[in-house]
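Below, chain A partners chain B and then partners chain C, in two separate complexes.
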Partner chain A sequence: MEHRLANTWWMTVNEKKFIETTLLSDLRIDGRRPFDYRRLTIKFGRDDGSSEVQLGQTHVMAFVTSQLVQPYRDRPNEGTVSIYTEFSPMADPSFEAGRPGESSVELGRIIDRGLRESRAVDMESLCVIAGKLVWAIRIDLHILDNAGNLVDAANIAALTALSTFRRPECTLGGEDGQEVIIHPPEVREPHPLIIHHLPIAVTFGFFGDENIMVIDPTHKEESVMRGRMIVTLNTNGDVCAIQKAGGVGVMQSVIMQCLRIASVKAADMTSKIKNAVESYNTERALRKIKRHSSSAALDVNKPDVKLENQNQSVDQKEIGDLSGHHVERLKLISEERGVSHSNSMEGLRQSPEQDKTTRDVNSKGADFDVVETSLALHGALIPNTKLEESRREKPSEADPGQLLADLEPAPSPDGAVETGEQTNGKKTLVDAVKPKHKRRKKKSSNIDAS
Partner chain B sequence: MEFVSPEGLRLDGRRPMEMRQIRAEIGAVSRADGSAVFEMGNTKVIAAVYGPREVQNRSQQINDQALVRCEYSMANFSTGDRMRKPKGDRRSTEISLVIRQTMEACILTHLMPRSQIDIFVQVLQADGGTRSACINAATLALADAGIPMCDLVTSCSAGYLNSTALLDLNYVEDSAGGPDVTVGILPKSEKVTLLQMDAKLPMDTFENVMQLAIEGCKAVATYIREVLLENTKQLEYRRGV
Partner chain C sequence: MEAKPSNSPKSFIDQSVAPGDVVLDLSSMANQTIKLGGGLRQDCDSISVMKSGKLRFVKPNKYWVESSQKRYVPCVGDNVLGIVVDSKADNFLVDIKGPALAFLPVLAFEGGTRRNIPKFEMGTLLYVRVVKANTGMNPELSCTDATGKAAEYGPLKDSYMFESSTGLARLLLSSPTCPVLEALGKKLSFEIAIGLNGRVWVHADSPSSVILVSNAIMNSESLSEVQQKIMVDKLLQRVQ
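Let's look at the complex of A and B:
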C-alpha cells in the first residue's frame, strides 16, 4: 500500500502524461525500444553461492547458504529450498524497515514458484538420510537499489547464486553408520547443486487502454503502468509460472504474444547467465590450479635453487597480471632493508597500497619475518630476486645467509622447510606462522585479481 | 496416481471439462454494506464489503481515487487438518494483494476520491480453487454494496493432469503437483485481468488450458448475472414497485 503511494507521489502529472504519450510512438524515456532489456551485469562474490546483479540501476544481491535439517514429514527424501527477501529501506523511500511488506512477499512468492514448483533444483539429491537429514538451501535476496523491475533482477540473482553455490560434501560414518561427517571444503571438493533448467522471469508492463506493452519497465514506468505481467519460462519452451495480479485486462492473444516474446528473451538471458557462471567456474578452477602447482613445487624438494626456479617460472606465467604487482612489493621491501637493488623492477609505478606495505615494514623495523611472509606470498617471483640477492650478498656471510635460508622455503605453500641449508633453530617458529599468513594474504591477492 | 479414469471420469465423477456445482447467495452478513457467500462444490467462501467510507488512516488517503483494501483469511476449520495458521503468512498476504489488485481494476475508484473500500474474504471450507471462489464472492459482495464497477470479475481455475486439461480442480487434483492456472476475466470485454500459474507446462498446452479456464469464467459470469438479476427483482418486489 505504502509502496503505491510513495511511487505516485514524486511523479508529476506532466511526467506521467509524457511517458504515456511517448510510448504511443514506441519511445521510452531511457531511449530503449519497447522490447529491450537494460544492461545486465552479473558479478560474483569471493565465496561460492553469492552474486550481485545489476539491471540498469536496479541492484540485487543474492546469497545462498545451506544447512542440515530434518525434512518435512510429507517429503522425507527431499531437501528444501526457501527464499527470503530483504527490502532495504535504503533502496527506495517506500520500503520500510521491519516486517516484510506486500511487494516483498509477492516478489519472494513469484521467484519461489518459478524455482520450486517447476522443480528447477533437484531436491532429492539434497537428501542425506531419508526422513532424518536433508540439506535446506536458503536464498537471501537483498534489494540494494530499486530502479524498477525488481522481479527479473532478483530472479537472475537467485539463479546465478544457485548455479555457483556448492554444498559441502558429507558422508556417513561413526559406529552405527548413521553419523554424518561434513567435510570442510579444503578437504573434499564441495558439490554444486543439480539444476535441471533455468526459469527466467520476464516482466511486461501494460500502458493505457490500447494495450501498449513494454519489457523491463523502469521505476518511472512502473508508477505509470496500468498492469503488470511476469512470465517465467525456460529455454525448453515451458512456462514455469505466470503472475498477473489484476490490473488492466488484456486479450488472450496478447498474452500468447507476450509468451513468445518472453521465450526469446529467456533464451538470451540464459546464455548470459551461463556465460557468467562459466567464467566464474573457470576462474575458480584456475585459483585451485595455482594452489596445486605450488604444492607440486614442494614435492620437488630440491636444494638447488635453479631447479625450483624453473618450476616457478611456469607459475609465473599463470599468475600473469599479478606479477607486476608482486614485483613492486618485493622491490619496496628490499629497499627497506637497505640492500640497493639495481634490478629490472625499478621503473614500475607505486600504488598507495604498496606505500602501506612500506609503512608496515617500517614500523616493524625491517623485520625479517615480514619480509619473508610477503615474499612467501609471491612465490612466483622470488626466484629471480633470490638469485640476485644470493649473487650480491655472497661476500657477507652472516646476515645474507640467514636471509637466504628464510627465502628458500618461501614458494612452498605450507612452509614445510626441507631444503638442506635451512636447518636452523628458527625454522619451527617460522613454520607455525607461515601457513596462516599465507592463506590470508593469498585471499587478499585474489581480491586484487578480481 | 490416476486422475482421469479410462472412461474419462475424474475422481469425483466429473468429466474433464465439467465444473463443480456453483451456488451463490447475496446478503449473508447483515451489518455489511454488501456481502455474499459463494460455493464451488465443497469450497465455500464468504465475502463482506464495507464502504465507500471515510479513510481510517489519514496518511493512506488518496486525493483522486478511492483506497481499496482487502483481507483474505482461512478459517482454522476450513482444511482437513485443523491447525492454527499464523495471521499474515506469505500465502495469504499474496492472495490478499492479488484480490485487491483484481478488484481495483474493475472498481471505478476515481468516482469516490478520499474514501475507502474494505473487502474481507474468509474461506469456510477449502477444497481447491479458493482463490477463484474468493474473487467471485468479492465481485458479488461489491455488486451488492452498490459500488460502481466497469464490469464484473469472474474467476475459475484449470489444470493439466494425465495429459488432459481439467476444469475447476478440487483439492486432491490441486495437490497432485500438476500445473494450476487461475484466470480472472472481465466477462463483457473478455479480457484477462488475473492470471496465475504454477509448475511447468509447454506453451501450446498452456494456451489450451487457459482457454478452458476462460470458458469456465464465462460460465461463472452467466450464473453470477442470474443471481444478481434475481436479487434485484426481489428488491424491486419488496419495495412494491
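Let's look at the complex of A and C:
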C-alpha cells in the first residue's frame, strides 16, 4: 500500500488555495487567461487516418482503420463507427494498464456521442451490400501524456484522423454481382469518408462558489476544480452533446454563457483542424505525383521515393490486413478470381509503366509460392511492396537500375500481406543489405522455375 | 563511445559522459586520495562511469557525475520539500518524490515533546532535511538542523509550489546566483524555497509575480545565461 502511495501525485494545500485565489483575479498558473486554449499542434503520420495532437503538454494519438463486417440487423444499410480508448500508464500515475477506468469510459462515450448523435460521419455511404456488408470504422485513441483536458485533445485527434482517413474502394463484381472486390490504393484511389461537420468538444472547469469557469483546464486545475462540463458543438451552431457528470451545481445562465463561449472556440478550432487537414492533403497529392515520375528522377529523389513507397506499401498492408480478415473468409473464391482479374488488368497496365516503375501491386495471394520461398528481411523498417506477377514474366526488370522488390513470407493465412524491400540498384543500399543477394537468387530461381 | 584511458582527467571534466567511459587512470596518480561521488565506480586501476551526465570535479579530489532527472534519489543531508501524506503514531509519512515514502518522526522538531506534537493535515508542504537514506528502507527526515534548532525547516504556508527536475533545483541553488533568479530579483521581490528533489516553493506579494517567477524558472533549465536574461526581460515587459 505504501509503495502505491509513493508513486501517486500529491496536491498541496498551498497550490489549491493559490489556484483558487488567483482565479478570482482572472489569472491562471500558467499565465493564460480564463478562456484561452493552450497551444495546439496537429501532426499526421504517414498512413492515412493517423494523427497526433498536442494540446499544451497533453498528448493524444488517434488511428482510424476500417473493416468490412455484417451490419446490425436494425440498420442494414448503415456502416458503424466505434471508438476504443487506451489510457497508457505512462500518461499518468493513476492510469493502470488493462481495465479501462471510469474516466476512460467517459471519454470514449463523449467522443462517440458527439460523432454518432450528430451524424457527423455519413453512415450510409459506408454500405457496400445492404444487409450483408458494410464498412466498420474503428477509431483507436491512445493517451500518451495527461496534462489535463484529455477530452478536447482526444476529440481533435479523432476528428483529424477521420478527416484524413481513406477507405479502399470496392466494387461489386464476379459472376452474380455479389462478390466484392477490394481494390488496392494503386489501382483505385481510396475514398475519404464523408464528414458532414466537425463536432468540437470544449471543456469547462468550475471553481469556487462564484461561478468561476475556465476553458481547457490543466492537470493541476483539474484536481482543484469542483465541477466540469463538456460541450460538443459545431460551427453551424448545433449543440451535438453536453456532458456534466456531477460536480458543483451551476446556474442555467452560466450554462448558456458557456455555450456561447464554446461556439466561438469551436469556430476557431474547426478552422485550425481544416487548415491542418488541407495541408496534409496537398502534401499527399504531391507525393502521388512523384509516383509516376521517371526512374532517373527516382534516383535523385530516393528519400522521397522511399517515403512514398512506404506509404504505398503501408496502405497495401492495411488493405491486406483489413480485407484479409473479412472478405477473404467470406468470399475466398471471388478473391482468387478478383486477383487473377486484377492481375491481368495489371499485366496490361504494367506494360507502359515498366520502364518507370516496377512497383506494381498484387492484391491477393497469387504469389503464394514465391512468398513461401523467400526470406524475411528487416521487417517493419523496410517498405513493403508486392512482387508483381508480371515481374516474373520479365526478369529483366529485376536488374539493378530498376526498383527491386523482395518478398517476405506472409505471416497470416490469408496471404494478403506480402512485404518486400525496395532499393535503387545504383545506390549503396543494395550493397549494405546482405540477404538481398540471396533473395535475388531465389527470385531468379523462381523465375526460372515458373 | 571510445574509452580513452586518459592520463589527464581534465579532458573529461565538465563533459558529458556515458556509462562505460573510463575517465581516470589511477596508475598515473600514485599518492593521491580521490573521493568518488555518485555515478562513478572503481575497477582496479581505472575509474569508469555508471550513470550518464556531466563529470564534475571539485578541488582537491572529489569527482562525481551529475545528471538531471525528474525522480529524486534520497541522499543524507539534502534539504527537500515534502508533502505530508499521512500521520501515524510515531511518524508523519511524507512524500519526497523518491522511490518510497519518508518518515518524519513526530518529535523531530525544535522543542518537540509528546505534548506539543504539530498537527499537519494531508497536503501540507514541509521544508525538511534528510537524515537517513538507505536503499530499500524508507528515508528518515527531520525538521531541525544537526544541532537541534529549527533553522527555517518546517511547514511552508500559502503561495505556490511547482515541480521540476533535480538539475534545475541544483542550478537554482548554485553559487554564484543563477542568472534567472538574479534577473528576476532585480525587478521583483519574492521568497523562494528550493528542494533538491525538484520541488520549488515561490512566495511573493501579488499572485501575478508568483506566476511570473514560477513560469520563468520552469522555462530556464535548458537556456544559457544570456538566454535566461533575455527570457526574463521579455516576461517582465509583457506584464508591465
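Going forward, the second predicted complex is superposed on the first by the 283 of 450 C-alpha atoms of A that agree within 3 Å, B and C clash if a C-alpha of one lies under 4 Å from a C-alpha of the other, contacts with A are read in each partner's own complex, and residues count from 1 in each chain.
The rule is simple: contacts are C-beta pairs under 8 Å (C-beta built on N, C-alpha and C of every residue); 3 or more make two chains touch, one makes a residue touch a chain.
Because the structure is a prediction, the values reported are computed rather than measured.
Because the two structures share chain A, they can be overlaid on it, and in that overlay chain B and chain C fit beside each other without clashing. Contact with chain B, but none with chain C, is seen for A:I242 once the two complexes are overlaid on the shared chain. When the two complexes are overlaid on their common chain A, residue A:G31 makes contact with chain C while staying clear of chain B.
Legend: residue contacts after superposition of the two complexes on their common chain; A:M229 is shown touching chain B, with no touch to chain C. When both complexes are overlaid on chain A, the residue A:T22 reaches chain C alone and has no touch with chain B. In the superposition on chain A, no contact is made by A:L144 with either chain B or chain C. Judged by the touch definition given at the top, the superposed model places A:T12 against chain C, while chain B stays out of reach. When chain A is checked against chain B and against chain C, the one touching more of its residues turns out to be B. Using the contact criterion defined above for the overlaid structures, shared-chain residue A:I195 touches neither chain B nor chain C, since it reaches no partner. Per the superposed model, the minimal spacing between any CA atom of chain B and any CA atom of chain C is 8 Å. Shared interface residues of chain A, touching chain B in one complex and chain C in the other, are 2, 5. Every residue of chain A that touches chain C in the complex is listed here, in rising order: 2-3, 5-6, 10-18, 21-22, 25, 27-31. The touching residues of chain B, when paired with chain A in their complex, are 60, 62, 67, 69, 90-91, 93-94, 96-98, 100-105, 177, 181, 184-186, 189-203, 206-207, 210-211, 214. Those residues of chain A lying in contact with chain B across their complex are 1-2, 5, 102, 105-106, 108-109, 113, 117-119, 227, 229, 233-234, 237-252, 255-256, 259-260, 263. Of all residues in chain C, only 83, 85-86, 93, 95, 98-101, 121, 123-125, 138, 156-161, 201, 207-208, 210-212, 214-215 touch chain A in the complex they form.
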